[in-house]
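Got a structure for you, written out below as structure tokens; questions coming shortly.
To keep things simple, chains are lettered A, B, C, D, E and F as they appear, and every chain counts its residues starting from 1.
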């Protein structure tokens, strides 16, 4: 079983500790990206995963590729060319001060890529699952087209397609997102979203939910999932539910809705003291894909995905550096934090 | 509108992270000081601010000045001379272990300055607001006299004068403080204090308050503020209210009392997961000055000041590295800590 | 009054901050060990303490010895020889992610030591108290025998003997532990244990306690202590009670049972925001020894020990870098965390 | 006397120590740029200096501005707008391994600026000297045009104009450079160049010089300077002469040619153990401008500039953090490195 | 063309900068090993390389494997089992103070491996070149036997075998080394050695050479190489020649002797300002293998190998993080260290 | 044999790496002092050494004491009292940029100590050698008097007295130094000096020596030593000879003159690539004392002292962290820097 993820690999430049950006004269420098995070997490779970993107043909691009190889992610089909590495600056929040992301990903080598650079028939050779996110088409019409071509090729080969809606208001407007994504959604078998994505990307709003206040309604989200399945023919919809008490503490859980049975299961909710919450959603997605691949029940899957992504919040960096054993240990022992000797 | 702050600029040598002093063989080295903190915060709010002090004429003094220039604080009138930089060692506390400050500010170049070194008529040219704190006169009778000369010069020019009582038991006794400060208070238009200052510096005690236990009484503080206004003719008194649950978690709010109307307004109380609490009071003071300069209502001012100083607690260092936009964002969105992308 | 501790000195290699092991390419490198932690803590309390072990005769061993000298622990009787330093890798947990310890202490120079290398009659010259832990005999039958010889020599000289049961499942099985420790327990005057030690090491189970869920029963532990005293003739038994809410937050208290009077006193329970919990039990032991040496009542002793070890949790590293004054300050002021200026 | 510098402010992301790029997962992050380096150096010499550029209106741009304010450089006329900060990655070389620069400055906010954004008549108010470099027009035709408008405005106000040719082969070809720079050179009063600039930017080649081999000919360079003065009417030409023995050790000197007298003076040559050589040329330029402003003789000027830039090579970062006193001390005492107590 | 390397993967714990061991309380922690260094360097040259070893089945072992994957080295055939990771402590020298290595590799998981754990017929499937070093058999008779079985299997499949003699006096005596290695040498096609290896491992001494004084004789080494070829039937012998002026500066070159033609070619000698010299020999070996694989002439090969390993000395860590392009650039431009922009 | 050193213990705050002071916002923080450096070095040589001073009774003073205990220096007789820790800021030089020391040691607790605080009869109990330096009396007349009392007490007990002249022009003038030191010199048995001390402190000038130019005359220094012995009755005079080529490279040697025989022996001269030269002279002094105690010949002593202090220059910090074995290894193998495995 091989999962291929496609998207942008970014350089994340984050202020060390709880300093504001450039308060110190160094930045932590790691590579990441919504789709790469999923590929890494799956590889850490023992799944054969591959990542495809376009990188600049210089030391930065090569270091980015190596950062994935480190986790055993297959990178053979990455395309290289002239251009720049997209990046973002991150300032980690604390208590009432929110984390802050400043994108510098415009004009990146992937955002300016041409569809001719990706031969999807070749790329999908031996692939069983294709994962992408709503960030891709937000990078530009060319990338949206590349995504569409990828989806078509995948569909024609019977590959399962999953998509995390992942709305980014700095990359495109809700209106633009809807015009593009409604066209791409019919290819999607497994849809992942958070509390605001469905609204912004698909125009499907959880009626009685107030995101800003962290008030989440399980029944409201079930209806959202149902509507997604009905409208776009998805098999499953998975949604993450985040209660933002502060930048230091979040409530975190997830749900999975099955389009055929209409059943919706909710995971345990974790009360998390946050180390680093960026990549939390991606780690949930990886958990969902893992559960489905391993033929877990939806309940098992959503518990696995919620536990895996709970652990992600306790680890530095975007990548979820946890193994299946780590996740199972949390599921079995609970999060009491006793030292493992 | 130009605000001038006068006081000592100190070198803060703090143990990195949550290590005890000298547990590591390096110290974080930044510059700060009660009045400088206010100048920096105001400059970050876009207010034209200036800082006056005396610094040693060596690389340490020059680096101290540069640390203010970085924030755009005007430093043209800083006096240089032979002598040493005052400093303090800081060990940051956690949970039940309190933060610890060890002063090494005796014999500093400013503590040994002569009144002839400051030509207040020149210094106050173009200044609209003068801010100082009770730390100044605590440095020595010479500095107390310099302060008094400054107050007289400011008063004669119609400059608004604010003072943060800021009692420091390591610098002087309550008795000495009262003998000096009662002489200086009549110059003060806006008085800022915390829960113990009024008692120790002015002998005005909030009847039903137990500082050590963190039990704070709003009505008690209103009476304190009222008495300050009545006794010394202040226009406004602002008080910070800190509930010390532990070194890691504090409740934090403020109030403003108007001497003319007798009205007292209390801010929202923030439950803060602390990153660095030193400079918290100064950031509140800067918020109060900002609110008054911008002709906010007292309620708006105290909410702005409380929010600004809440954010200070989430940032490393004495300086409040937040903008008006950061404060407004907290006031509008609450402190839910959602990532700002 | 001189306390001698015997055991292994280990190199602790811990991942910096909340990074997973080898996520960063550096490791914090400090020395520690259950018995050395007690010796250091006692020395910090002003007690004349000594540490005996065997170290490798290279720069690593010599640095280990120096790390104890730093705190004034007497190291004159440490034995040097060919061999390797035992070590362990530590990954600090956070929230639901537990701390993780990977031992690499097999084949260490002390684990392979011969009984002829320790002349206990000489070593115990001038010593009033001998402390060791259940880790020693777990290192191997040779070390168990060395321990027994030490106990015999100490007993014959009228030296008080304390032992922390300290079960380590990676070093030996519960069955093996019981077979060895039941032989050594009759030498012990003061026995220290945590919630699982008595069960695993002595086969004495607190009937109505569920360690994993953090449910602790005071009455259950009293019975355990009583049984230890009855069976092995101990004078006092001290037990630490940890409620593991998460890797970031623990409830922490202790109790002392007096074998003669049958009285059992429970300390204040601290709700701790954890900085570093490794060495927490050892710091409690040092507090108990200190209280007994200083002829405190059991209530005073357990409060001192609980407060001292509460502070340990707020300090980086295994060693408890707190003074008697620090502990008294917590006992008097509570853990409100007000800045000490 | 006020010197205004115009150019791009860049974020420099350099690998710490002698690690290759991304060998460590952090990068040293400082701001710099050929023209900003000159402004900072002049301010450190006590000269009133100002810097004009366009910056992105986010935390990165604001931190960049603050990094100049730190040194007292006036930044009031900096323009802000939507866009990205230009940056470059730096890997510091050692011994036979050369330093490596990877530019990511395309599409930066200044490279995409419009001429209407800079009102040169206003900007040059009160300015006596205007400095720019050949990097500006290399950023794009729009910036070349902005440069030309600036030169015209400066000329019309009788402002002295200096230009460092600063050829960058990654930004434009020699051919393109010549076509643009030959148009701009007639405005230049003081021209600064290194061993390859005159050739690549102006097509003037030092006949008997082999740059790659570090063979430099004084007489050859005198002819180059003479030709520049003759062709473009410059008053003075200053040239840096670098002998690259290795990435760790360089020979370094400079010369100044006077267009009127035809005299050419050569400075002392320094044999430098390199700490950081980036910004070396800019620090020489600042020394030349300082010498001319202070009405030094050409010999005094070139010695001052060579000594100042020698010191730059011994300091981390692009900025030359040395004072006039530091330079004079080197000129008087030589570089014997005795400790200054 | 696929090269397989077999050996021990070690954890290198080095004191940061030029501090003595444990002067700082952290250690730089990277993975390495004589054979792994070759595999990494070859992979960086674009050669398909694989590494086989036995690792402990815990987070340390898994991180070690990842450190190879990072460079694209194939690790599929690594064996996992209970045990410990071998390690060494490194203190980097400077000037007259030599670097110091303290081994703690006894009892490592590979040193205690059984021959049954390695199925060489499977392992060598698709392999063209097998590289090992004299460190392997020094780990113990079991590993020596594993090596012999590997050589036999390789030979039977027509795989080229290279061996770096790599004498380590802390692992075995010269006498023991000779008894074992003389048995294994007949399998070796390409032999690599340094100035003392041939003497200690094979008893072949360069007559007129004084290693301690750094006096190296080219003709002496030619004779050594000749004797190796004659005695053991090697096709080629490559020797590194190090002139140790100090811990900070070395002369470095290499030679290659061809067993058939009897020709011996000497490379350029580099005068190196050292960043990190550990792994220097391994990087030379990788260069030799690369040259032979790419069918370079011996002169080209030895120049490539010498240049590659010269660059290694300028990079932190054991691994040679340089590409073919980096090496060619040094060969073409010389080591003048001009900035590459 | 027990050596007691008396002097000030200072906090050294040094800028990390080759950054200028406060270029980074942290400072390396270690303790040191001319006399403490000697005590530490002797303890590292296995000599029983003790240090006496007065320290502030706070965490800073206690950490300072611990820094000596770390090396096994006896600190039992250190006096504690109210006051401040003396400190100095250090910026490490490189190439032509000299190291820079900014003292902040005025008003330190020892500089304000009273003679009544030191009971020299008690302090010298069991002591065989007393070492102090010319820095002590430079701290103030009170400390000069304490020194004189110490010398008298030592003399009366037959204790050998050594003194390093150690002139510090920031602490006193040459004139003042001569007036005080000429009074104290008659107590001195072993006098240590560098090239400028004898001139500034005793008015004895090496006729044909030019310190600034690094021109040192062996015969000139022999005469200086001779005159010191003749005038003050010293038994031996040891002089360090430093050739300052740059801040990165020094020539270093020493000589010893015997007052009785009139023989003068010169050590090997080391060409040193400097890591940290502060404390170089103190490490030479410790070597001299060690040689005399161990009854080496003068030639052996001066070679040991020169080699020991050569190694000091290759180690970070003031303390000479080398053992007798390290020194002997340099003497035997020379400084070729071969890795010690």
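We adopt the following convention: a contact is a pair of C-beta atoms (placed from the backbone, for glycine too) under 8 Å apart; a residue touches a chain by one contact, two chains touch by 3 or more.
Everything numeric in this text was worked out from a predicted model, so none of it was measured.
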{"item": "Between the pairs B-C and B-D, the one where more C-beta pairs touch", "value": "B-C"}
{"item": "Chain D against chain A, contact positions shared by both copies (same if over half, else different)", "value": "same"}
{"item": "Greatest separation from chain D - chain, by CA centre", "value": "C"}
{"item": "Duplicate of the E-F contact set - from C-E, B-F or D-E, the pair where over half of the pairs recur", "value": "D-E"}
{"item": "Most distant chain from chain A, judged by the mean position of its C-alpha atoms", "value": "F"}
{"item": "Centroid distance [mean C-alpha coordinates] between chain F and chain C, Å", "value": "42"}
{"item": "Distance from chain C to chain A - Cα centre to Cα centre, in angstrom", "value": "44"}
{"item": "Interface hub residues of chain D, defined as touching at least two other chains", "value": "20, 25, 66-67, 100"}
{"item": "Of all residues in chain D, those that touch chain B in their complex", "value": "66-67, 69-72"}
{"item": "Partner chain B, residues of chain F touching it in the complex", "value": "13, 16, 20-22, 25-30, 58-60, 63, 66-67, 84-85, 89, 91, 100, 102, 104, 106-107"}
{"item": "Contacting residues of chain A [partner chain C, same complex]", "value": "270, 272-275, 310-311, 313-317, 321-322, 326, 329-330, 333-341"}
{"item": "In the complex, chain B residues that touch chain C", "value": "17-20, 23, 93-101, 103, 168-170, 212-214, 244-250, 277-278"}
